[in-house]
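Letters A, B, C, D and E name the chains as they come in the text, with residue numbers starting at 1 for each one.
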Amino acid sequence: MFDTALNANDLIFLAKGAGMTLVVTAISVFFGTVLGIVFGVFRYQVGPWWAAPLTFVLDVFRSIPLLIQLVLANAFVTTVLGIRISGFTVACGVLSLYTAAYCAEIVRGGIESVPLTLRRAARSLGLSWRQDMTNIVMPLATRVALPSWIGLALGVMKDSALVYIVQVVELLKSTQILITRLQEPLFLLMVCGAFYFLISFPIARFGGYLEKRWSHD
Amino acid sequence: MIEIQNVRKSFGSLEVLKGIDLTVAKGEVLTIIGGSGSGKSTLLTCINGLEPIDSGKILVDGTEVHAKATDLNKLRQKIGIVFQQWNAFPHLTVLENVMLAPRKVLGIPKARAEEIAVKQLTHVGLADKLGVYPTRMSGGQQQRMAIARALAMSPDYMLFDEVTSALDPQLVGEVLDTLRMLASEGMTMICVTHEMKFAREVSDRVAFFHKGVMAEIAPPAELFGAPKDPELQKFLAATH
Amino acid sequence: DKLDDIIAAGTLRCAVVLDFPPMGSRDANNNPQGFDVDYCNDLAKSLGVTAEVVETTFPERIPALMSGSVDVAVASTSDTLERAKTVGFSIPYYAFENAVVSREGLDMANWEGMKGKTVGATAGTYEAIWLEGKVKEWGAGEFRPYQNQADVFLALSQGQLDATVSTVEVAEANVKSGNFKGIKIVDKAPMVPDYVALITLREEYGLINYMNLFINQQVRTGRYAELYKKWVGEGEPANLTIQGVYR
Amino acid sequence: MFNYNFRWNQALNSLPQMLEGALVTIEIALLSMLIGIAVAILLTVFRLSGNRILSAIATTWVEIARNTPALFQIYMVHFGLGGFGIHLSPFLSLLIGIAFNNAGYLAENFRGALKAIPDTQARAARSLGMSAGKAFRHVVMPQMLRISFLPMTNQMVWAILMTSLGAVVAMNTDLYGVTSELNARTFRTFELFAIAAVIFYVITKAITLSARVLAARLFRY
Amino acid sequence: MIEIQNVRKSFGSLEVLKGIDLTVAKGEVLTIIGGSGSGKSTLLTCINGLEPIDSGKILVDGTEVHAKATDLNKLRQKIGIVFQQWNAFPHLTVLENVMLAPRKVLGIPKARAEEIAVKQLTHVGLADKLGVYPTRMSGGQQQRMAIARALAMSPDYMLFDEVTSALDPQLVGEVLDTLRMLASEGMTMICVTHEMKFAREVSDRVAFFHKGVMAEIAPPAELFGAPKDPELQKFLAATH
């Protein structure tokens, strides 16, 4: 089973696909997290009533298959609006918003976990809202939110397998391309699955460890 | 001087403060006693502007707390406040807890802020706990740390809201001793407390709150010795 | 218009399907190659611009065109009337015959043996639409549209499918490669030859006109036959004219 | 504002077909949840059993399900098993792929839920003379299911969303499959997928709302 | 009759029971007292086989609890046990809690099981709570329900492990009254308790455990009146 026609070039090709998976993931997680923090803080700050429109929009991103989001966004931007942008940009844009939708919930949960009395204590020492947010809320909320955030980031990495639909050649797609040429589907899929697993598994375990450790304090 | 003039405050349809008038002079120690829900905590959080008020005025050294133009962050530096529980920032060491506000709010350089913090922590008897995280300390030590943290801002006034009521009985003493020490040093203080013995000993005046109204205010000997308000009489009977 | 835009931009972006040998595939370095890739390069050369090959799947090629991610598709697109409502076709640049491919050990004498069997093809292709229609007509058996040609042959060699219909060229290439064990060509499929054309947006008459002339020139200069020999091999390339049609 | 001509009529004509597809989508999601819950309970029991082999099997299952893309899992069910001569129809491949994923995630949830149930509960049940199995079935499991009800609802939503991955195993009767087939024929990509998106949204909302109602009726304690 | 013969039991390197010998006759009420960690709870859970033992023997009506051949599920039907807390199954109503074991273990039909359950719940004074979920009840009511649940299996013996120690003081009385009632009805009982007054009143004999050893056992008048063991003297001095 392991005698394979896979050559060094193919490995580089696969590595490029894996690189694309990681790049798309990194960009989306970065912008998604930034947006998620903004949305999450906003939702917490203005209360459920004023945040309702935002809540609805974010909810939509969590209620529609990512594949359809990608197809729709691509069709909308390029066909309907007639703007020429690359599939890569569409993929990163959609995945970022998708990430932000989940991240906002995590952020809100994290902020809510900081006892109100602690925030009052900070404010009554003369700390401004911003200083309270950066010095008290952020460090404490991070402890609560980080494990879920790690789970989210890994989820985005796995979901990025779907961006092939907008012509981005990521890991799973490069694997399929090689399968077409080499016709060794099982072996190549194993390699591909192992890649995801080897990245995801240790990080997921690390997240679990952090959760356990921090819930003890 | 803290001047409270006819202050009213409601949460929704619940009127919590029904026109409070009260003046606390420089150097005075005022204790507030009263049943649960009578509005004591609410009054304290109004004094340093954490809660808005519906009508009336609160002046601290002549500055109106709830005026639009007032810089609350600046005003709060004058008024230290310590709450019942959850006072310590759990992610910072004791020293860092106390240094935080001087550095971030007053912009004091690190070395100088540390000096101040060590001084105040020594003052409340925590000189040996500097590097410790609050979760590793007893409730009484955490409360004393919170006091040091407020003192590090060199406030002119200190507000204490039942700082001992979440503590195990054997830890209450050490915190009350710290308050006594502050009182003897001439700090202007408003203490909400259930410790009648402490109130009697330390206060210049004691105020009794009942259902959002300040029903009686008098020097402790008079208030405890010859209570006039019938609700106060009931209250004292129940607590003795 | 688009023709000017392409010349101004200096690049021609072609959608090509790369899991469809010999028309499109990848070489050992995973670079695109094949009949369609060469046609794209020729077209670019004639325009005096550089070619950029964008890989698409069969189901994706028209959306890619509509969404402006490519300028034209050189992707063996069958010129159906239904599609002509949405996109603009050139004259045919190639014509496929289709073959029925089945597994060894399966008793299938001719194309009618597919009746009642589990058959499949690449989603969205000419032969898939034909085959699905046949299955409906027979009222027996099952049709499965896979996302790409490779999956179809993989399913066939694993025994998940009993037969498929694909172009003769593709069928022969895959049987010959030996990558898929136990598949064999059974019969020609009784379909009208599958004329395929270059496509671009419906309203780009200038570009369509240009492409028509380009195809004509390819045949005239012998480039058509040359590339046929290079990619398909022995035999005659299909005649692109249809007897008895006024043109 | 747009140069694009929306042709909603043409797409809306396909609505009946798409709604039929939606039924298939719901069917797959529901079945995959039922199978997923049953298997997850089994995996949970395996992990509790103290038997090395059983708990290794369960752990492997859970970790693969949680650490590889669902698309990959579904593809492997079809072509991976196919390589061993096990041929599953697109429907079954998709169903089993999603159920595999569900079971892995749910088993992890159940484990968390079990931690939240004091072990005196099992002790109390055992001391009434119940066997370990009965104690689990009548006392521990109902409480576990209650604690994991919200995660289960989320997983159900995920199952609905995952049906869209069926195209890789030639699934063409579910909502996504029907939509993409219509798209291949008419190329009204935006209109068709917009309608599909709305249907998906309605389905997931219906699920979360009915889960809320169900929770209120099921868990009155 | 419950016979405990030289029972030893360790958790890891910690020896919790260091050779206990004890016999409880039919109809007897035995109370066990002793400091925290002295092994009282461990002994009870060994008696009904929830915990294995390292050496020695426990016989219940002549059946050896820890013998391989013993059907523990059957044996446990004879021995009711009620723990300190978390006894109630929160997902079942009070009635369902009590009916569960008779139905699932004894296979009694629903109607008959309900009859039994209602009878036992009436017995402990919960006839009006049948359809209520335990989380809606006070701790004392939950404990009485747990007693009824054990009684519904018609046990010959009842073991109680500090059933009142997690309760608010005002709820302790109602549970102790239920135990008193059972004792007066002739139930064979072993009660681990910190309620000395209760032990004195109800017990036929009282056993004092200290660090895994049964240091003294005697009728209550003797044990409380003239304790011999020095540790017991200390223990009683501390609790009085």
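Everything below uses one rule, namely that contacts are C-beta pairs under 8 Å (C-beta built on N, C-alpha and C of every residue); 3 or more make two chains touch, one makes a residue touch a chain.
The UniProt protein names, listed by chain, are A, D = ABC transporter permease subunit; B, E = ATP-binding cassette domain-containing protein.
Computed from a predicted model, the values in this text were never measured in an experiment.
With contact taken as defined at the outset, chain C and chain E are each touched by D.
Shared contact partners of chain A and chain E, listed by label: D.
Each chain gets one centre point, the mean of its Cα atoms, and the points for chain B and chain E are 50 Å apart.
Between chain C and chain D, the centres computed from C-alpha atoms are 37 Å apart. Here the CA centre of chain A is 45 Å from the CA centre of chain B. In terms of their C-alpha centroids, the spacing between chain A and chain D amounts to 21 Å. For chain B, the set of residues touching two or more other chains is empty.
The multi-chain contact residues of chain A, meaning those touching 2 or more other chains, are 71, 75, 79, 82, 185. Residue positions of chain D touching 2 or more other chains: 79, 83, 189.
Taken as a graph of touching chains, this assembly has some other topology, since it is neither a line, a ring, a star nor fully connected.
If you check each pair of chains against the touch rule, the ones that pass are A-B, A-C, A-D, C-D, D-E.
On the side of chain A, the complex with chain C involves touching residues 7, 9-10, 13, 71, 74-75, 77-79, 82-84, 86-87, 165, 167, 169, 176-183, 185. Remark: chain D residues 2-4, 6, 63-64, 66-72, 75-76, 79-80, 83, 157, 161-165, 176, 179, 189-190, 193-194, 196-197, 200-201, 204-205 touch chain A in the complex. Chain D makes touch with chain C in their complex at residues 78-79, 82-83, 85, 87, 89-90, 167-170, 172, 180-181, 183-187, 189.
If you check the complex, the residues on chain C that touch chain A are 18-19, 25-26, 28-30, 54-56, 60, 63-64, 66-69, 148-150, 154, 177, 179-180. Residues 45, 48, 50, 73-74, 76-77, 79-81, 83, 85-87, 89-91, 100-101, 104-105, 133-136, 146, 149-150, 153 of chain E are the ones that touch chain D when the two sit in their complex.
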